[in-house]
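What follows is a pair of complexes built around subunit A, which joins subunit B in one and subunit C in the other.
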Partner chain A sequence: MALRVQRFPSASPSAAIAARAVAIVLALVTAGLLLAAAGAQPIRLGQQVLRSTFSGFGIEDVGLLVTPLILTGLSVAVALRIGAWNIGAEGQFYAGAFAATGIALFVPGPGVVMLPAMFVAGALGGLIWIMVPTLARAYADVSELITTLLLNFVATLLVYYVSTGPWLDPGGHALATTARLKHDVPEFFGLVHWGFPIAVLLAVTLAVAFSFTHWGYEVRIAGSNAQAAKYAGMPFRRHLIVVMLLSGAIAGIAGMLEVAGTVHRLQGGISNNFGYLGIMVAVLARGSCIGVLAGAALMAVILNSGIVLQTQGVNTSTVLAITGLILFFTAIGDELAHFKITRSQPA
Partner chain B sequence: MDLVTGILHTSLLAGGVLALAALGEVLAERVGVVNLGVEGLMALGAITGIAAVVTTKSPTAGFLLALGVGFLVGMVFAAITVLLRANQVLCGLALTLMGTGFAATVGKAYSGIPAPATFVALPLPYLSSIPLLGPVLFTQNVLVYLIYIVLPLLIHFLMFRTRHGLNLRAVGENPAAADAAGIAVQKIRFWYVTMGAALAAGAGGYLTLAFVPSWSEGVVAGRGWIAVALVIFAGYRPLNAVLAALLFGVITSLGFVGQARNWPIAAPILSMLPYLGTIAFIVVPVVAWHRMRQAMAAPAALGIPYYRDLR
Partner chain C sequence: MPNATERTGPAPGTPPLVQLKGIAKYFPGVVANQDVDLEVRPGEIHALLGENGAGKSTLMNILTGIYQPDAGEIIIDGYLKTFASPIEAIAAGIGMVHQHFKLVRAFTVAENIHLGWSETPRIISPQALEARTAELSASLNLAVRPDARVDELSTGEQQRVEILRVLARHARVLILDEPTAVLTPSEARELFRALKQFVAGGNAVIFISHKLDEVLEISDRITVLRGGRRVATEKTSTCNEKMLAKLMVGHEIVLDDLRACGTKPVAQSGEPVVRLRDVTVHDDRGHTVLNRISLEVAPGEILGIAGVAGNGQKELSETLTGMRSIAAGQLMLGGQDFSAAGPADFAKFGVGHIPEDRLRSGLAPALSITDNAVIREYDRASISIGPWYRPRAALALARTIAHAASVRVPNFAMPVRNLSGGNQQRFVARREMRIASKLLVAAYPSRGLDVGAINTMMRYFVELRDAGVGIVVISEELEELLNLSDRIAVMFHGEVMGVMDTASADIEQIGLMMGGQGTAAPSRMGAMVH
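Our next item is the complex of A and B:
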């Protein structure tokens, strides 16, 4: 009887979760060592982070950060369900924020009407932004990964252009932003606005739709084996288009809620990398809509730590690098979770 | 130099960044590995280049160091994606985040410092005095000649005219068959992915040593992603990749000219051109010419790790 390492086609859930946990811890330890090498004191920084995260303000800050992360995470996760990589949540986020701001700035009306209108505009903005990549993928098999990503740069430039040019605050109170929007998403608790419960509700609704509806069943089949889905007569192309447009719309909603709930002005850099971090969230959640809630919470804590670290002289790009480190270790852990030590059968 | 010569000269210079990165990606994708970390590798190469040239005052040292950093990081990436067989999309995205973040962190100290020495134009005797074409083609720096002439021809010859090239393409198309024929699949994948990463970082070095030439956060500005897209547009062929990069050089330099000459179009709108152009160029051909799809198709095993025991 000899022991040997064998790879299995699917990882057991417990091994997968354990690998994830180890990966995240190792990534943070590595980051700490690198920071120490750069002359920082990681242990003191860690204590600082923990103290301010679990203070009253810390919880509210995390609540503000978690809302867009849930939504962009959902956006990526939903597309992954049918096997599409939406790397463009960042751009759709900007497009949604742009559309909602346009409505808020140029259409007069009471808040009761305007907020829902902005919400719809945000969703439509995101949807339109993913339209070309969706159709190109569905009808010409052009990789959506590249097209969605390239549109991020276009959306970023568009928002930068309008907020410094045509839509620049005429009052001149702030540089390089639009005027303050007249309509706010009302507060839910403390500083956290109603976007948070909306995002959670959306995650739960989507989880139910994927698990318990005929549509969800077909999308899951199409995502795990497109050939089988087509052979079984499922409308693969229609599902692909609907799911990708839905993915764009969700990211657009994230942008609308961010501009109308948190920032209140459209400005360059408003997305705060939420679109890219959404990829992290979806990957950490393994494409599960409920898992997105946990993944977003983790990312929000990391982001908030980043803000705390900034006051200690560690800058945002370092946080981005640490995020990449976590993603890297997670990818390694996911693969290692497939291996088991087994006893070979006696001949 | 008149306007047309100026545009073409800048196009060649601007396209060089994309051409070098795209050639690197061709190497990786031809053996069946998608490297989405090009953007991050370029950022690392860019900061390495500027840091080295500030210290040594030698652009050649800067470029070689950028290649070296790309080679080392590429070995790590190849070890994880080829040998360990982790998910290529995730590792690539992670590499982009790490590279961009790390370069920006280190780059704070170098932000806005112009490179004290750059690759200067090296006019070729006789050729550079040809009217119109001479100043465009033959008064460039040494890297431009390397990127547009030496490297693509070398890679093309290696890939399509040698036994080794046939082997490496077989690894990208059908690794199981290649393995059965006695080709060392994992070894070939490992080294080509590593070399591809080195070229991507070299492209970053070119950016800060010959084109921009200084470091600022976001200096790479999505060029890595455009390079990945160009490889698809070029049908995974090295010579096409260089021509495609040149086309994008033209689009980029039109944007520059527009800004310099005060065209009535806002600068951010002009800056959108390369991205929109890239999308148009990867979408339109496949829609317009269905027959091209076969000829320009990706290697069949692209993105799929190879497990000998599952073949």
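Our next item is the complex of A and C:
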């Protein structure tokens, strides 16, 4: 009888979750060791981070960060279902914020009407922004990876331009932003705005749609093997287009909620890299819509910790490094979850 | 005194080229190899026989460095070796041509030959690369087209590229996994000639096959594996088919003549289930791949499609199942025009399809067994209510199909690619049989299966035939078609060369037609331009 390590073709769910938990702890420990090497006191910093994160104020901050992260994470995860990489959630976020701001600034009306209108405008903005990459992929097989990525720069520059140029606050109260929007997304239990329950509801709805509808089943097959979808007579191209447009619309909604719920003015850099962080959230969630909630929560806590660390004189890049370490260790953990130690008995 | 006419073999004292001693390999819950000894001498063609799962592939993967053995020794030319990777095995002169070719489809033949080869010049023009390939091709006597892209080649041509690739790297031991599965009888003879020539130079061939007759024809010695163990190594001259089959499966088994068995439905008259009239089909690049094909299949009839792979059979199966649209002509199913219909319409009508490449098109390999089980029935009442999909009902259906296919599934959430090839094939076959109320199209259903599994598959078809379903079986195994089908159509270059009743079919004639000679169908006028 001998002990041996064997790789199994699929990892058990419990092993996968355990591997991820260990990976996150290891990433934090590694970050702590590096901070210690740089002369900081990681334990004291850790306590500081925990204390401020779980104070009422900290939870509110995390709540503000988590909403856009859930939505951009969903945006990427949804596209992954059909086998597409939406690297452009960042650009669609800007486009959604831009469209919602346009409505708010130039169309008069009461809040009850205007907020839904801004919501729809935000979704349409994101949808239009992913339209060209979608059609190029569907009809000419152009990689959406490149096209969605490049359109990010266009959207970013567009928002910089309007917020410092044509849409610059005429009151002159603030530099390089538009005027304050007249309509705010109302608060939800005094902690966060209504964007948070909307994002959670969207995640749950999508999870249900993917698991319990024909459409979800067809998207699952089509996203996994387009040939098999063709074999079964499923409309691959139609699913690709619908899912990618949906992905763009969700990122656009994230932009609308950010500008109307949190920032209240359109300005350059409003996305805070949420679009790119959404890729990490989706990867951490392994493309699962419910998993996105957990991934976004983790990412929000990390981002918030970064703010705390900064007040303690630690460079903000540290936070980026920590997110990178988590992704790195998670990838290793995912692979290791396939291995088991078994006893073999020669027959 | 040794007989003077017998081949004398290498001089005494020459070490065997390859010697495997006591090889063992374990996978989770499975003993893939145990106590396997194998000795391959210079100048011999050594056949490795065994059913699916007998451990042939594992053993060869160990010899070629893809797996490392859990026990045992590999001795090459008298020296003990360990292969940490295939590169080291290739350096030791061991090359393998896999059943599923490992070529880059988007590259040319010349590029594939030179890919990952230390002798490839660092900087070289495509023309020079092609010239080098042409030289190799001439010197090793294997005709290939250096400038052709691999995905333009027929399976037989791809095999030649694979062999050339291995021989160009100075392999002294050539391992061939099921090499004749994709060849015509004459191409196979050509391959055999090339192999004999190769071993005459003191090299050796390990020949993996299920086909007893060709093993008897080509090999010098035969090793039989069963259940991961070696059960015998014999001189071929002392073997016959019966005894080998017995050694392989542990009891006697023969492919039955299935044409006569079962309760055949009496009346086959009336509307054919499918009728093609002058159907012309283009491939994705607009080349004509089916040229004015006319065929029909009656209910309860099995139509065999013979021909060398790559002569339009794949496109025919796609046309018959609605996956490929037709450019001209008419396709009728049960009297209705389906010329413009899609695969979902065909499936709804009752057309099942066992595709040529099950992993690529019949299954979504990364998805669960359950997801793959319901791909045909997810929108039918048993699985769904309105737009809703019921995972529990899907799981129940998956269990039913797995049970009917006698596939043991430990976990239905496991990706379907974890099933063995034979299990995947039975699973797909059973799934398609459920919806095939009118017609079943099976492309190469026995490819890669062993004798027992092929028999099971053939019985499935007979069962359906007896239920009045029309069946189209595409195969390269002439014997299989002769045993199974009522009529045989022969395809060559996208055309039907002729259709004949199996009872009166002449094998010689079919062979000629497979090669593009012989009497053509009346509709075919002289030489067509391709």
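Assume the second predicted complex is superposed on the first by the 339 of 347 C-alpha atoms of A that agree within 3 Å, B and C clash if a C-alpha of one lies under 4 Å from a C-alpha of the other, contacts with A are read in each partner's own complex, and residues count from 1 in each chain.
The rule is simple: contacts are C-beta pairs under 8 Å (C-beta built on N, C-alpha and C of every residue); 3 or more make two chains touch, one makes a residue touch a chain.
Computed from a prediction, not measured in an experiment: that's the story for all the values here.
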Do subunit B and subunit C fit side by side on subunit A after the overlay, or clash?
clash
Just to be sure I read the superposition right, which of the two partners does A:224 touch: subunit B = first, subunit C = second, or both, or neither?
second
Tell me the contact category for A:151 with respect to subunit B and subunit C: first, second, both or neither.
first
Based on the superposed arrangement, let me know which partner A:315 touches: subunit B (first), subunit C (second), both, or neither?
first
In the superposed arrangement, does subunit B or subunit C reach more residues of subunit A?
B
If you stack the two complexes on chain A, which partner ends up touching A:176: first (subunit B), second (subunit C), both, or neither?
neither
Taking the superposition as given, does A:85 touch the first partner, subunit B, the second, subunit C, both, or neither?
first
Where subunit A meets both subunit C and subunit B, residue numbers
none
What residues on subunit C touch subunit A, complex-wise?
24, 26-28, 31, 34, 70-71, 322-323, 342-347, 353, 355, 360-367, 371, 374-376, 378-379, 384, 387-391, 414-415, 417-418
What residues of subunit A sit close enough to touch subunit B in their complex?
7, 85, 87, 132, 136, 139-143, 145-147, 149-154, 157-158, 160-161, 164-165, 276, 279, 283, 315, 317-325, 327-328, 330-332, 334-336
Subunit A to subunit C touching residues, read off their complex
4, 6, 8-10, 211-218, 220-221, 224-225, 227-228, 230-234, 340, 342, 344, 346-347
Which stretch or stretches of subunit B touch subunit A in the complex?
36, 40, 80, 84-87, 89-91, 93-105, 108, 217, 221-222, 225-226, 228-229, 232, 266, 268-269, 271-272, 275-276, 278-279, 282-283, 286-287, 293, 307, 309
